[in-house]
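The same subunit A turns up in both complexes below, where it pairs with subunit B and then with subunit C.
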Partner chain A sequence: MTHQIIVNSRTIDILAVLMLMSTIVLIGSSRLRVCIWAYALRSFVLALVSGLIAYFSGIHHIYVATGVSIALKVIVIPGFLFYIINKIKIKEDVESFINYTLSLFIACGLILIAYYSTQSILTFENVFMRHCLPVSLAITLLGFFVMISRKKAITQILGLLAMEDGLFFAALSTSYGMPLVVELGVFFDILVSVIIMGIYVYRIKETFDTIDTDTLRELRE
Partner chain B sequence: MLIFWLLIIPLVTAGICVFIPKHSISKYVSIAGSFITFVYNIVLNCIAYKYHTLQGFDGFFYLDSLSILSTQIVSLVGFAAALYSSGYMEAELHDGEFSEKKLRWYYFLFHMFIFTMLSVCVCNNLGIMWVAMEATTLATTFLVGFYNKKPHHEAAWKYIIICTVGITLALFGVILTYHSAKGTLGGIGYALNWSELLKEADRFEPHLIRLAFLFILVGYGTKAGLAPMHTWLPDAHSQAPSPISALFSGVLLNCSMYGIIRYHILASKCVGAEYSGTLLMIFGFISILVSVPFIIVQKDFKRLLAFSSIEHIGIIALGFGFGGMYGVYGAGLHAFSHAIVKSLLFFCAGNVFLKYKTREIDNIKGAIKIIPVTGVMFLIGIFAITGTPPFNIFLSEFLILADGFSSGRPLAIIFCSLVTIALVLIFVGFVYNMFKMIFGFSEPNPEKGEVSKFTIVAMGFLLFFVLVVSIYVPPFLNKILQDIYNIVRNV
Partner chain C sequence: MDVASKIVLPLLQLIVIVGLAPLVKGFINKIEARFQNRRGPSIFQPYYNLIKLLRKDAVVSETASWIFRATPYVTFISILIIALLVPVLSSTVPANFTGDVILIIYLFALGRFFLALSSLDTGSAFGGMGGMREMMVSTMAEPALMLSVFTVSLATGSTNLGNITSTMVDQSTILLNPSLFLAFAALAIVIIAEAGRIPVDNPFTHLELTMIHEGMILEFSGRYLALIEWASSMKLLLLLTILVNTFLPWGIASDMTFPAMLISFALYVVKIGFFAFLIVILEMSFAKLRIFRVPNLLGTALVLSILAIISLYVVG
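For the complex of A and B:
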């Protein structure tokens, strides 16, 4: 049994690192399509983790969450984002307030902060989540960083999705996910919010002729 | 089952409204729907009041005095806003601001908004409460951007991005709470039910609960408009149609505050009231201070009202933060008074906007001559909201400050002294800016006469409650507020 748990947690650690790397792609890449693919990859890995946890823990309702997660976050949402960027024909480049090298350094700093700040909580936790909680917090922080540092509206959506992925991973690794009804509600909210944001990306493009959120500064004192 | 129907009524109303193309019919459907919600809610609350608490669907729904106060505010202001909408939106439709087809979606989203706010107040499961809280954002984004012009798009984008990020942080708080509860309650479905959590709260891991409360306060605080996370609020409030601004200010902020208070109670039981109370106090205090300069130098009257909402949500947070009998009682009373007075003011502001077609304070003169009924109500509202003695907000502010001074904590006393000065400055700013609009005279003025009868009825309805609560606190409300104190102190 202990052997199995160790193997299990090793696999999950590797998957966690994969997720973290695909989030770093979001920060380091200058191409929008690559960022969306990175999101799809991270969601797929997250679904794998949840499938693994369902298998090893024997809690069947996690399979349902895994299935919904694959359908929504690997297929529907990336598909929708590709549809939006094709429809509004935006330039491929991701524009940032901060250049890529500096962004990557900041990303390293955020990962360190995530590890450092969870140390006090981890002292009384089991081996299983030793790396999962810091990684999930790091993904959340990186998503937050992308939201505030990138200019394009669509990259802000990707940052938000990264934050949500990080939190899902935190919920999975700390407590085998939330109750099913809550998890389905959260999925529903994410889907609707991405759709509404997509519609607004389109409308902003139509009225402002750009999706740089930097131009949205008419309303101020 | 009883509570279930409370949620079904606005949902059905929303469903019907979307299929009625004619505004002459759909406005009555909308009014009827919100009136039934209002009446049904009173009946439901009487039952809940009689049995102290009411549960439904195996503990999925939960109604105690805290939720009674919140649902009461939602359904009361919701009914007034539905009445007001029919007059206001008809006038806008007449002016060609949007097509009649689009108006269906306004009513659909309006009632969905009411539905999601009621869900926040009656759901026992903290996860579902989170889902409902996020759903309030989703239901209202299109309402903020309803006029489909540049500034509306900007406001809507800021609104959905900032609020969703905030709410996402709150999800982390929910997850941490669930995790810390799992050890004692086991991984079963109801491990996120607030009533179950409260029973076991003293056995939770204090580290996790402290962290969870911080995330919840920042997350739901974003939606409540607590500074420094308030930046979406003035934009959204000023760009949304006036009835929606009233619902935002009067009701949505209270619902978010309600969410924070639920966690405040849990955290108080686990780590003592000191920790979460102090945090509430600090955020409330910052909110009051931040709003002062913006109220004094404001040029746009809807933004002025929006900043005043930030101030008042700060006062409510301060009241719960002090945590004494007077503080909590005052905070509850303040939430109710602020909801009705601020909605009244937004309705008046909407009527002024319809008449003058501008939100610039400097371009408006002599409102009391042009639209006398609105002008008089506006004047009453201004004195009520700034806490001038005969009105109810004076009482609640007085109670909260008295509680702060008498608590003997140095921090509370410093805060109270500064807040007293801030309140005086806000009074000056309000009177200075608003009197320019209400009085004075300038050519060319729009022609005399009110725009719509419906709007006057809606405002009169709210004014009635403002005056009643000003004269005395009805025994029913009094009992509920005392009960809220017991819930918050966990006696």
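For the complex of A and C:
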């Protein structure tokens, strides 16, 4: 029985690390499409984790969150992002204020901070799923970092989505998810905000002929 | 370990590594050709090339010093020694007492160091360029290789590859460690870089803009070239063997009986074939990276390996 629990928690840990790796792809890749695929992969793994947690813990309402997150985050949102970048026909490169190799190492530092800062909590918590809390904190921080350092509006959307994934995963792994109503509300919020931001991206492109958010400074004059 | 196995095992291991290495290369080329709707050369073509090269005279540049002549032998022999330090068919390593995984990393570095030196030795511009590029790649690939191997060593409590393999076989739950998962990913990227496969280096091209390994060996000919080609194909096979037998060692022979060895050999061929196939798919689906994008990829490997070792240390 205990052996089974260890195997279960290790499986979830490995999936958590897989999510972390796909977030690192978001930082390290210079192609917009690769970043969106990485987001879809991370969402898929997150849905898998929530399905597994629902199965292991026997809490059935998590299955609903799993289903909604597969439909929304794996299919609808990446599809919508692909639709936008096809429609506005932008250059495929991700542009950043910091070069890729340096931002990879900053990301590495952020992940280390996440691991070290959650260590003191983990010693009091249960011994299972020890990678989940650091990974969820790390994904949130990385999403924040992407939002700050990238120039294009689309990558900033991806950063926001990464933050949301991290928070959802933190709630899921520490307390088996939030109440169903709250989760559905969050999903709906995310969908609406992505659509609104998508429309914004389109308008920015129409007005400035680029989606580089740096050019928005021109509004001051 | 009795006397017979002391002689049989090293011989067997050398025969497998030295003999099968060109076949792996031929296999990769053949599958790749098939994917591109070409018939492709026979999978034994690397052997024919080696025989042809061994028959030919070697032409050596007038400015070359002894380093140029010594390099093929140094490279080949350092790879041969590695072949004795890696568990191939049995979890017992023939040269168990002489060294561990740290020695393996340094032997790889020794061969590379001499190749880079000899590439500068002839005074050819291409050679020096290839050597510099190789050094640039290896400054980022080597720490990632070390850190990911050390992660495995920390998790299993040994730096000896034979012990690592037998621990992995005995305690199957060790493999479920997320840190090892990260180390595996880092090692996979490093192997691509070290073996000079496509996202980092293109083994088929002789264009000045793209070549790394081919640039270094441009001045070699005849038997020297044969030795270097053979050593590089052995290097690919050995790196794959390290990956396979540390992370997926199931079915490896723990004793020296004939049936155990036979099963172990069959599984070994299947596993290596599978990873060679993965390399083909990778090479089909990616273009070669621009040389200034390579640190980006290797930086990812480095970050993954740092995370592997730190998360193992913090979380356990």
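The rule we apply is simple: the second predicted complex is superposed on the first by the 216 of 221 C-alpha atoms of A that agree within 3 Å, B and C clash if a C-alpha of one lies under 4 Å from a C-alpha of the other, contacts with A are read in each partner's own complex, and residues count from 1 in each chain.
Throughout what follows, a contact is a pair of C-beta atoms (placed from the backbone, for glycine too) under 8 Å apart; a residue touches a chain by one contact, two chains touch by 3 or more.
Just so it is clear, the structure is predicted and the values come from calculations on it, not from any experiment.
Peer 1: In the superposition on subunit A, see if there is space for subunit B and subunit C together, and answer fit or clash.
Peer 2: On the shared subunit A, the partners fit.
Peer 1: Which partner does A:Ile111 reach: the first (subunit B), the second (subunit C), both, or neither?
Peer 2: second
Peer 1: Taking the superposition on A as described, I'd like to know which of subunit B and subunit C A:Thr207 touches: first, second, both or neither.
Peer 2: first
Peer 1: Quick one: subunit B or subunit C, who's touching more of subunit A?
Peer 2: Tallying touched residues of subunit A, the top partner is B.
Peer 1: Just checking: does A:Gly79 make contact with subunit B only, subunit C only, both, or neither of them? Give me first, second, both or neither.
Peer 2: It touches nothing on subunit B or subunit C.
Peer 1: Does the superposition put A:Leu167 against subunit B (first), subunit C (second), both, or neither?
Peer 2: first
Peer 1: So, A:Pro179: does it touch subunit B (first), subunit C (second), both, or neither?
Peer 2: The answer is first: A:Pro179 touches subunit B but not subunit C.
Peer 1: Put simply, what angle do subunit B and subunit C open at subunit A, by C-alpha centres, to the nearest 10°?
Peer 2: 160
Peer 1: On the A-aligned overlay, A:Leu18 touches which partner chain: subunit B = first, subunit C = second, or both, or neither?
Peer 2: A:Leu18: touches subunit C, not subunit B.
Peer 1: Please work out whether A:Arg130 is in contact with subunit B alone, subunit C alone, both, or neither, and reply first, second, both or neither.
Peer 2: Touch status of A:Arg130: second partner only.
Peer 1: Is A:Gly67 touching the first partner subunit B, the second partner subunit C, both, or neither of them?
Peer 2: neither
Peer 1: Give, as a whole number of angstrom, the minimum Cα separation of subunit B and subunit C in the superposed three-chain arrangement.
Peer 2: 20
Peer 1: Flag every residue of subunit A that touches subunit B in the complex, lowest number first.
Peer 2: Those in contact with subunit B are residues 59, 120-121, 124, 140, 144, 147, 153, 156, 160, 163-164, 167, 170-171, 174-176, 178-182, 185-186, 188-189, 192-193, 196-197, 200, 203-204, 207-208, 213, 216-219, 221.
Peer 1: Which of the residues in subunit C come into contact with subunit A in the complex?
Peer 2: 173, 176-179, 181-182, 185, 293, 295-297, 299-300, 303-304, 306-307, 310-311, 314-316
Peer 1: Would you pull the subunit B residues touching subunit A in the complex into a rising list?
Peer 2: 125, 127-128, 130-131, 134-135, 137-138, 141-142, 145, 148-151, 153-158, 160-161, 164-165, 168, 171-172, 174-176, 178-179, 182, 187, 189, 191-192, 205, 207-208, 211, 234-235, 238-239, 294, 297-298, 303
Peer 1: Under the touch definition given earlier, write down the residues of subunit A that touch subunit C in their complex.
Peer 2: Touch list, subunit A to subunit C: 3, 6-7, 10-11, 13-14, 16-18, 20-21, 24-25, 28, 30, 100-101, 104-105, 107-108, 111-112, 115-116, 119, 122, 130-131, 134.
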